[in-house]
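Paired with chain B in one complex and with chain C in the other, chain A is shared by the two complexes that follow.
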Partner chain A sequence: MKKVIMYLNQFFGQIGGEDQADCAPQLHEGALGPAQGLQGLLKGGEITHTIICGDNYMAVHTQRALDAIAQMLDSLEFDLFLAGPAFLAGRYGSACGEVCKFVQERYKVSAVTSMNRDNPGVDMFRQDCYILEGGSNAAAMRKDLPKMAAFANKILNGEPLKWAQAEGYFSRGIRRQVLLPEEENVAERAYEMLMKKLKGQPFVSETPMDVPEPVPIAKPLEDAGKARIAFISTAGLVPMGNPDRIQTAAATRFGRYSLEGRESLKAGEWETVHGGYDHSYGNADPQIIMPLDALRKLEREGKLGYLHPYFYSTVGNLTNQLNAERMAHEIIPYLQEDHIDAVIFGSA
Partner chain B sequence: MKLRVGEFQVKDVVFGEETSFHDGILTVNEQEAIAALNPDGKLKDVKLHVARPGESVRILPINAIAAPRARADGRATFPGYTGKMASCGEGDLYALEGMAVISVGTHGGWMEGMLDMSGPAADLTEFAHTINLCFTAANVDPSEDDNSQKTNWDYRLGCCLLAEYVAKTVIHQEPDLWREYELTDTTGMGLPRVVMVLEMSTFYENSVGYDDVFYGVDVRCIVPTFVHPNELLDGALCSSSLVCAGVHSYTYNYQKSLVLKKLYEKHGKTLDFVGVILTNIGPNIDNKVRAAIRVATMAQMLKCDGAVYCQLGSGTSDVDFQKTIVALEERGIKCVGINPEFPGRDGTTSLKTALDPRLDAVVSTGSACEVIELPAMERVIGDLQSIPRDKWPGCWADDPIYGPSLRADGTLIVDTDHIVASTESTGWAHKTCQYF
Partner chain C sequence: MMVREIEKTGIPVVHVVSMTPISLSGGVNRILTSYGIPNPMSDPYATPQVQERQRYEIMEKALEVLCTDIQEQTVFDH
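For the complex of A and B:
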């Protein structure tokens, strides 16, 4: 029998109402309040302890409350942590999320809670733990508890968990591949979707196409002739032999290559490793990727104040946003150190 | 235009004295087959292998896959490519079903891929479920092989020639069944008119020998064109040496597209299948805009009500996908797109290069960058050491998070994009993506 620990607030833990909202965490053996109802629905798991904490206490003294809970849990063995359901109660929802996140990180044990879609705890903690979609008030308890139990039973019995919509939890924002039965291939699904679309019937698109927040474009330079300029490219130009082993696709690395004493980039000394376009031009003339001769000319003519003595190079082909942002943050300190005002960004 | 495809179900492929087909067993004379696939002697060390579904076999680096077909009238299976130019789409085609012909080179590069005949990767591709007649070879000119970007010209042509050679053995036999393909007259039935839009590899502007081959012509920078579905079933279009393995549509996929066959099956019943528009992955924005305009104009002139758009690859082709679907929708033609997703190895990043909420009906072939762990296989066709040695997009020599793709015990950790045709868009993918 696996062991489960439950978290409740002062009200559902039957200590009292708003007047007891300041009570510090307390540990009780066995299942109390809604935990008793849940116990009857669990298969292969036993609620060994219930932790109760006042909502205000958790909100005001969060670290102290978590420290106290850690003291209680450090000596206990458990396989699953449950909290709530919190319905639409904002402080309770945040408390459930806070505790679930803490327990999951500290004990590497799955933590599950339940709350209403409009509970602010959903957006605060959906990426940190499983939050099942629940009703708006305690009247929904008889629906939300069986849902929580069914999900808990899957975890207790090692069954694979399906995606957010199928299981009824709020997505953690992680997109994963799902295998379907062989007969549900894209030809069948595209045909069915097209027929519905043609008939004006509702259908569900599979790939979301929402546009993320655009990055605001920087203000123009007041005087390029005085500006300090650097050059960055995602076209994958590297010294022959690719010393930094920059990947041809889905790059995680960038190179920083010295321009000191160079007036141009010569064929044979540079190559492109980008796995998404015709290499013949770039290899024959690296300066169509990194136009050093043109930049030097502008520098000499005073149309460009100063050229940073390195250029930065990576591969944009299928490189994901997180790695792109990380590489940018690794490049920025070099630019700040040299007081760079603007970057010319060459794409593939 | 009526095409009859005579299907012979292949139960096994073996080597023997005489190339022949009896009771479902295809026997192949190795010397003759090798001579057929390598007519100009540009390949060396050519060897044949058979890989069957469920076997503990790993095949890499794969650069071409074709379906074996032949004509009784002496016409080349792939006109303009494996033989003289002629028309496609009419007459009798003899087809070996349940098998594929696969070409295996020496070096991985950014289009090469891998196939496991069993294990978790076998769930991801149609080609783990076909009996595969493979050939391994090297180019006589070594510079053709040792390069991440290569035309694979003689492998790709050799693959089509071998597919033609083995199928020729059945042309005087009676098939298990004849399937007839004809766009019958649906006048007066009031059915919605539907076109299939198929993205081809067309983006090597001035370098010949990399892109898709249409009636023997390299289609780089082609202006979109309109074809009869029978032309594709009958060998008009062959695959490129570009586009990563997972999202790659091989010649086999073009010859047997399940999207095309689905629209055919419903022709005269629930829809009026108009035909196929072959479109571009443009190398630049003008080319992309031009293709979107041409596709939408053709579809409008064809009085289409709906379209199914099959995307090839990703990244730059996301832009063609977005622009063309928007152009079709703006002319009142309702579109469903089929595409692979790239949500990042951790599943948390943007899925596409070009996003647009007007693309409101998109079917997913799954994730091309899901990290998968694969067991060691008893037999390798090709070269396993190409994984740590060569520059592939779907695997790596080493990685700070995942370690090397190839481990000492022969197990692998790779992206799904490494597995041939795992997220291609012409019909087979029985996968999608969901938020967890």
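For the complex of A and C:
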């Protein structure tokens, strides 16, 4: 029998309501509250302990609460950690995510919680642990607990886990190759999907893109002839030899290359390292990627006010969203420091 | 996407790209269609003189796009 430990807040742990939200973590033997319902649904696992902590205490004294929980857990053996369900309760959701992340990192044990899609804890912790999609309030307990139990049972019994959509948890932003012998192969699935698309029938992508919130449209330039312009590229053009060792895929770095005193980029001095396309054109003529001669000519003619003396270069190939955002935020201060008004951004 | 993060600071960005659907789904506002994936700024089969002109024209167009007032995500042709 594998061992499971459960985390609940003061309310579901039956200590009290808002008046007990400041209570410090407590360790109880056995299953309490919803953990009792869950216990009946677990196969091959037993809830040996329940930890209860007030939502405010966890929110205000996070480190102290986690330290206290570590003291409780250090001497216990367990195979799985469960928290919640937290429904739409924001503080409880954050607490469940915080504790799951902590436990998973410290004890290398899978942690699972459940929240409603609109719980702020989802976006805060979806990359750190399994968060099953749950209902909006405790009335959903009857549905959310069996879901949690079914998922927990898979982990307890070492069954392979499928992708987020198939298992009902929020995508963790991880792409992993899985072999599913019982499934149709990828060619068959792609064919089916294509046929549906051609017939105008609905179909579901297996790799949906998160559609981001629109960014407010920046005001146009009044006069490009007076504007300060920078050039950025994700096509992977770097000085010959790739001194910054920009990765050919899943890049985490960018280069900042001086244009001072240069009128053009010459073949032999530059190469492309992007792992996703044929390099022959870019290597033969780097200006097919970074058209410096054209930018300089426009600058001389007064059609472009000023060209920023560096260009920024990375590889946009399987680049992780968070790394892309981080690199942008590392480039932005250079642009602001030079009072850049607009950016020309070239991609492969 | 990097473009979005830069535009969030209020700096207008023109994305010169071949795969415009990806740029659109990534939420980019000003998109300028490039010549191709491995050859964004010119047609590699054209003569060097023609390619020089193509590079100039696509960059001139990029500046024009940056000066264009748009109300929604817009794809421009070079």
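Assume the second predicted complex is superposed on the first by the 187 of 348 C-alpha atoms of A that agree within 3 Å, B and C clash if a C-alpha of one lies under 4 Å from a C-alpha of the other, contacts with A are read in each partner's own complex, and residues count from 1 in each chain.
In this text, a residue touches a chain if its C-beta (ideal position, glycine included) is under 8 Å from a C-beta of that chain, and two chains touch if they have at least 3 such contacts.
Treat the numbers as computed from the prediction; the structure is a model and nothing was measured.
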For this session: Have a look at where A:A224 lands relative to chain B and chain C in the superposition and call it first, second, both or neither.
Result: second
Exercise. If you stack the two complexes on chain A, which partner ends up touching A:L180: first (chain B), second (chain C), both, or neither?
Worked result: first
For this session: Once the structures are superposed on A, label A:D278 by its partner contacts, choosing first (chain B), second (chain C), both or neither.
Result: both
Problem set entry | Partner chain(s) touched by A:E29 [first = chain B, second = chain C, both, neither] | neither
For this session: Name the contact category of A:P291: first (chain B only), second (chain C only), both, or neither.
Result: second
Exercise. Given the touch rule stated above, what does A:L194 touch, chain B (first), chain C (second), both, or neither?
Worked result: first
For this session: May I ask you to decide whether A:E213 touches chain B, chain C, both, or neither, giving the answer as first, second, both or neither?
Result: second
Exercise. Looking at the overlay, does A:E337 come into contact with chain B only (first), chain C only (second), both, or neither?
Worked result: neither
Exercise. With the two structures laid over each other on chain A, which partner does A:A328 touch: chain B (first), chain C (second), both, or neither?
Worked result: second
Exercise. Which positions of chain A sit in both the chain B and the chain C interface?
Worked result: 209, 211-212, 277-281, 321
Seminar exercise, completed: In the complex, chain A touches chain B at residues 161-166, 171-191, 193-195, 197-198, 203, 205-212, 245, 247-250, 252, 273, 275-281, 317-318, 320-322
Problem set entry | Residues of chain A touching chain C in the complex | 209, 211-224, 227, 229, 232, 234-235, 277-282, 284-285, 287-291, 293-295, 297-298, 303-304, 314, 316, 321, 324-325, 327-329, 331-332, 335-336, 340-348
Problem set entry | Complex contacts: residues of chain B adjacent to chain A | 110, 123, 148-149, 192, 194, 203-207, 210, 244, 257-259, 261-263, 266, 270-271, 283, 305-306, 308, 314-316, 334, 336-339, 341-352, 355-367, 369-370, 391-394, 396-397, 399-400, 415-417, 425, 427-436
Exercise. Mind pulling up the chain C residues that touch chain A in the complex?
Worked result: 1-19, 23, 25-27, 29-30, 34, 37-42, 44, 51-52, 55-56, 58-60, 62-64, 66-73
